[in-house]
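Both complexes below contain subunit A, partnered by subunit B and then by subunit C.
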Partner chain A sequence: MTAILELRILPPLAIGRLGAATEPMDNYTAELDPDEPLAPRVLVPAPTLRVDRTSGEIVDDEVPEELRFTDGHGKVKPVAPFVEVWALTEELVLRPLTMELLRANKVEPKDVRWRTRVGNHKIERRTYDLKDRVDADTGWFTDHGEHALTGRCANFLADKTLPLGHVRYIKPTAEYPGIRLRFTPAGGYVYGSGGMIGEHDPNVVDALYDSTKGTWRGHVDKPGDPRLTIPNSIYAGDDGPHGTWISRGYLDDECDGLVDVELTVGGRKLTAYGRIGAGPPAYAPDSVPVRTIADELDQALFGPRAGDHDTPEDAHKVAEEVLRRALESVRLMNTAVMNGNTVDGRVDAASTMVRQDSADTGRTFEPIMAPSLVDTAAVFALHQDVLAALRSGTAPWFADVLRDYDEVGDLTAKGRRKMPALMRGADGRSLALTRRQVDLVRKAARQEIFRQGQGADESGGPG
Partner chain B sequence: MSDDELRIHPLNLTAQIDHRAAGNPPSTLPESAISNAYPGLEFDIRNIWRRLLVGIELHEADNYVVDADADHERLKGRRLLAVAGHDVIGDLVGPTRPGADPGPLTSAVNPDGVMMLEWSNSLADVLADHAGETVTCLFTSGPAPNPVGKPAKVPDPSVEEVELEVRSLFAHSEAAGGPLPVIAEEMAGPGDLTRGLCSPWQNDYRECACYYWAASRPDYVNVELTGLGTSTGNHWFAKDREPREYVLDNRTDSRLVSYDDLFRDWQGRLRFIVGGDDAPEHVETEPGDR
Partner chain C sequence: MRSRVHRHMASVLPELFDEQPAAMAYLAVAGPLGEAEKKPVLPPEFNWRDYTVMLLHVAAEIEHSLMVQYLFAAYSMGGPQVPDELRKKVRGWQEIILGIAKEEMGHLVTVQNLLTSLGGPINLDREDYPWGSDFYPFPFTLRRLTRESLAAYVVAESPAKWTGDLAKKVKTDAEVATGKTVNRVGELYGRIDAILGNREHIPDELFHAETLPYQASWDEWGRGYTRGERGQDAGNVETVKSPELLVFGVFSRDSARKALHEIGEQGEAVGADEQDETSHFKRFLGIYAELAELPQGKQDLVARPIAENPVTAHRLNESVVVQYAARTVTTNPITDPGTALWGHLFNLRYRMLLTDISHAFRLAGPLDNGGVLTGRGALVHRAFAEMYNLRALAGRLVELPLDKDKPDGTRAGPPFEMPYSLELPDRDRDRWLLQRDLVEASRLLTDQLLETNPACVGDPYVVALRESDRRASEQIEHILDRKGCTG
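Up next is the complex of A and B:
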């Protein structure tokens, strides 16, 4: 027997993406083209698990002929992630929890218990009223039907709830024996506030919030309150007196929360949890953001400094990935506008870091780079050249121009030109990468310079 | 490979975070989610740091203490300036007139010209080196609704040193004897990771005309070179793709998708972008092609 010591849910953070189409998004991969390494990643259809609506079983894993992100009828296909249960066994390896492994431990699929708890606390974050929290809890279940994530809120109108999607314990079969749950997020609808007779707002699909109980409709972020969200006043609203922003009382069906799993083996209760969330679609699915939540988790787990366990190949891979991501962002940015250039005769033509720096700190308004240099085509070509050089083994000189985390307040001309440029970070000033990303790029640079100094063959990269 | 053949080392946390469950597209992974959260798209990931120090709750995006337990009630409303010797604030420096030398950027509400440094980077050493330990935290000695700088020397009457324990950000594996790759429940409960996001999120796609997330929320699409060697293309929000020109967003131009358009029909209005261009499914079939 292979005894189970512990359970885990993988991936530990699974992202669902909203959409109202009936069928969820197909599976695909985003691959680099070895013949055109500077070209966009190629989206390739991949085996897609199709779940029978009645039984909850996976019935096939065919590869779709083409990828479509919408259903052709104006609805976006929701991204509905599976989360798998993995078992740490006595051999001290993690392996998928399957029917066979359950049998070996004298338990069955029906002994696996699930629970999902999600919340949408956006209103409560603004009003500070706990009665404005929207929460859903499936309770424990072992069956294979759909379990609605029904959002309830003390300040909702009577009998009104917020649909936040559903979860389903996929029924394992001989062909698909893994123990897994699927989270299908909500449709991406906008809901409103009611409580008055005869109201109709065409922007919302239903009125849920009772404006006679709570304060969300009509709420104003009070200037000077240090508890406000940063940035503040980010809700649907209308201009009010004295520069105020008055909430229309809208809410959405995003959420995040925890998936719990429980199994009792040999009299010992094993538990695990993973996290899920529902956000908007990734509208450029072949691109990866410069700094991602994976980078946050990586730094939190391994610290801000590259260590001995980070090989030169790892560091080089990170350097190349950072540059490729920058290229992918530049491809989709109007860098001339973002630089703060005068465009079509308009000064301060858009919401840019130039505007934000001036508005937030009083810094003088001026473009970040020389205005003649920053057309998207030129910036894109520059990033391509650097990526090509890096791939051919040249040291990543751009390590020297990366912004350090404690330099984000440096709004001198030189400071603002550091990389990543033109983008906003989590503290409101120009974006810095994680310190670990920066340190790995610098490690790659040191390795390359050292290697080239030793007279190594310069024709190819490491690894 | 069948399920029964897959294996991951329990301490290989990266492999677990990056694990793509069978059938999941890449957009389900943390690598697909932006983390320059201001406030974010999928998550406002800044929220995972609020409870790092036992006894107090920090603002997710400021060095302000929003709540505290009974033993630390006096810290509520104060500002945290440093943890274990690591500053969580930095100076704001720049010119206030064209061509002028840079200097401190101060104002009536920020007389010291300082800013909070995002938790993820400013607390990275603290988490790496002191999780589970008690460390010295430097707070203002009184309530501080506005930003405050750190005195040149400590002790100083304007600040107070307080010993606080540092929590681990991650859940713990008893069996493997190390962290699990999942954010601990005590650090963020249901709803905590999305609470700071715009309500509704559709509003934020329009609200600040934010182009800081181009890889998720594109800005400039269908880009092509002009005869002058510069680029032209569409604003992602352009209702019509011809003429191929970038319509500056003044929030009222009817050629761009409006707030109300997004509230009512974002799914029909927004287009997926592949290779920098509208995905084939959005490209209208020319009459001659039918």
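Up next is the complex of A and C:
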């Protein structure tokens, strides 16, 4: 017998994407084209688990012929991730929890219990009123039907709830015997506050928030409050008196929270939990931002410094990946505008780091790079050329122009021009890569010259 | 080029040419600043402005030559033969020398600004090797880094009054490398400064402030390096500070003299504190001192075994030997056909770099914070991209064999051969046609590498470079379709 000792939910964090289409998005990977290494990544369809809406069973895992991000009628397909239950067995091996493993432990799929609790605390983050929290709880369930994530809030209008999507315990079958739960996020709608704009506002699908109970509609971030986000006032609003920014009382249907699973084996109750969340749809799915949650997790796991377990090859790959992502970011930017160049005679033509620097510090509005250099096509070509040179296996030489984590507020010309440039971090100052990303690039820069056969004549390059 | 300049120098000061070794003659006439008896003398066939332009041309060639030799030495460093315990040090030394080469690039560009301000043509030319000159610190030779070659750089950048036991030892080592007394570069700037400082020689109206939009600016060329205070930041290597790139716009007599003074000081630390670590002299000397402490056997392991003065196939069967005083300088033809292709590609990208810089000087930058942008920014970026390509190609060439019959013998190294001409066409459209020619030539070479050289099939760098060239051609065609960029 393979006795189950502990349970896990894998992946421990699954992020979905909002979408109102009935069918979820198909699976895909983003690959490099070996013949055009400077071109954008190519999206390649991958095996996709298709769930029967009635039975809740997986019916096949075929590779779709083509990828479509909408249903053809203007609705975006949601990204609906699966989470899987894995078991640590007496052999101290982590393996998928399947019907067979359940049977071996004298339990059945119906003995697996699930519960999902998610929330959207965006309003409370602004008003600091606990009654503005929106929370949903499915309670424990063992069936295979859809369980709506119904967001409830003390300050909502009577009988109004916020749909945050649903979860479903996938019914295991002989062909797909794994124990899984699927999270399907909400439609990606904007909701309003009742009483004043409500149903007349073309931006919202329904009025949920009761403006007579809560303060969200009409809320103003108060200057000087140390709890404010930086920058503050990042909500839909309108200009008010004395330079204030007045909230329209909107809310969206994003959420995040916990999935719990429970199974009693041999009298022992085993539990595990994982995290789920939903973000907006990807409108540039072939691009990766220079700094992602994955980079943060990597840093949390391995620390801010490159270690002995990070080989020079790994470090070089990180350097190349950073460059590729920078290229992908430039592709999506109007660098001349982002740099703060004058546009048809207009100064301060858009929300940029230049505006941020001027607003926060009272410094003169001054472009970041030399205005002659920031033609988008030229900057894009430069990044491509850097990436090309890096593929020779040559040591990255740009580590000294990467912005360190403690330089984000450096407003000297040199400080503002460090890489990544023209972009803002969550603290309102210039964006920096993670300390670990920077250190890995530096590690590659230090070590590459001692390698032999960086070229195709031996190793075929850094790959 | 050398002989044409030489004619004028010799005609000015025949007595100095007679009394001293030829190599010292020209520099001796300038003398340290402030020595009244060594005032500049105007040679026949010149007026002062024209003479200044000629001296600036010589200065540009010196900066260019030093930069290339420093780069070659830096690229030679490393390789699997470097003992583990030396690697950190060697990487640090390489970073220092690369930093100095970058600063020489700043000097070269600043000299072009001086030329532009005076209304003279810019000069990115230099002689191919092997060659020597009466006006240059030492015969131009591409050498791997050794204690002796390093000694030559120390002496070339040394201050006027550098004496003592260490100075003697370094100078002796330098003579081993160069076969002659190594001259100092700083005196040339002293000479030019003495002319610029005299209103009678160069009146105020000869400094053309309106050329500033055409001149290189630190904002365009600085690339995040420090301006003013070197040493604030750790660079690629923790213990090595990032370079200080000096690029000065020239719009008046004062700005011209300040530019000369600053780039002269960055070389020699003239009058600077003895402990000041920022000059090229001090930095080279620091490496020399550390290298000299190692036993000879270990010193030899610091750089890869690469050939001196590698040259490409057009001289395939011709090894040029030139005698300089006590030393023979030899070129080493790259006879391995695969390596030769890489060498040609290197030379071509070097030409593209020089063409981009030169072309950028023909186009004005915007006068305010934006407006319509010319192709200037793209050319500056392309120039940097070519520097990165040269680094990548050099990295390959220091690993590839020189001789087709000795696959495990001496490695090749980057040849840095000059193109037949750096002249740009007068019309802007024709300049972009030249750009297109160069990109097409590169595509022919990359195709050849990928299709005929089995070792290069699928090489990630060559594939990427070919794609980059394809995209560059598209941009150039775009410009040509609109009948040229403005400017």
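Quick note on the criterion: the second predicted complex is superposed on the first by the 444 of 463 C-alpha atoms of A that agree within 3 Å, B and C clash if a C-alpha of one lies under 4 Å from a C-alpha of the other, contacts with A are read in each partner's own complex, and residues count from 1 in each chain.
We take it that a residue touches a chain if its C-beta (ideal position, glycine included) is under 8 Å from a C-beta of that chain, and two chains touch if they have at least 3 such contacts.
Because the structure is predicted, anything quoted here is derived from the model rather than measured.
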Open item on the list: Quick one: is A:V343 in contact with subunit B, with subunit C, with both, or with neither? Answer first, second, both or neither.
Closed with: both
TODO: With the two complexes superposed on chain A, say which partner A:K213 touches: subunit B (first), subunit C (second), both, or neither.
DONE: neither
TODO: For A:L38, decide between first (touching subunit B), second (touching subunit C), both and neither.
DONE: second
- [ ] Answer with first, second, both or neither: which of subunit B and subunit C does A:K131 touch in the superposed model?
- [x] neither
- [ ] Look at the residues of subunit A and decide whether subunit B or subunit C touches more of them.
- [x] B
- [ ] For A:D375, select first, second, both or neither according to whether it touches subunit B, subunit C, the two together, or no partner.
- [x] both
Open item on the list: Quick check on the superposed pair: does A:P96 touch subunit B, subunit C, both, or neither? Answer first, second, both or neither.
Closed with: first
Open item on the list: If we overlay the two complexes on their shared chain A, which of subunit B and subunit C does A:V290 touch? Say first, second, both or neither.
Closed with: first
- [ ] Go through the superposed model and pick first if A:T394 touches only subunit B, second if only subunit C, both, or neither.
- [x] second
Open item on the list: Just to be sure I follow: which residues of subunit A are touched by subunit B in one complex and then by subunit C in the other one?
Closed with: 343, 366, 375, 377-378, 413
TODO: Could you pull out which subunit C residues touch subunit A in their complex?
DONE: 77-80, 82, 87-88, 90-91, 94, 98, 217, 219-220, 222-227, 233-238, 242, 365-366, 368-371, 373-374, 376-378, 380-382, 384-385, 388-389, 391-393, 395-396, 399-400, 455-465, 467-468, 471-472, 475
Task: subunit A residues within the subunit C interface of the complex - done: 34-39, 336, 340-343, 347, 366-367, 369-375, 377-379, 381-382, 384-397, 399-401, 413-414, 417-419, 442, 445-447, 449-457, 460-463
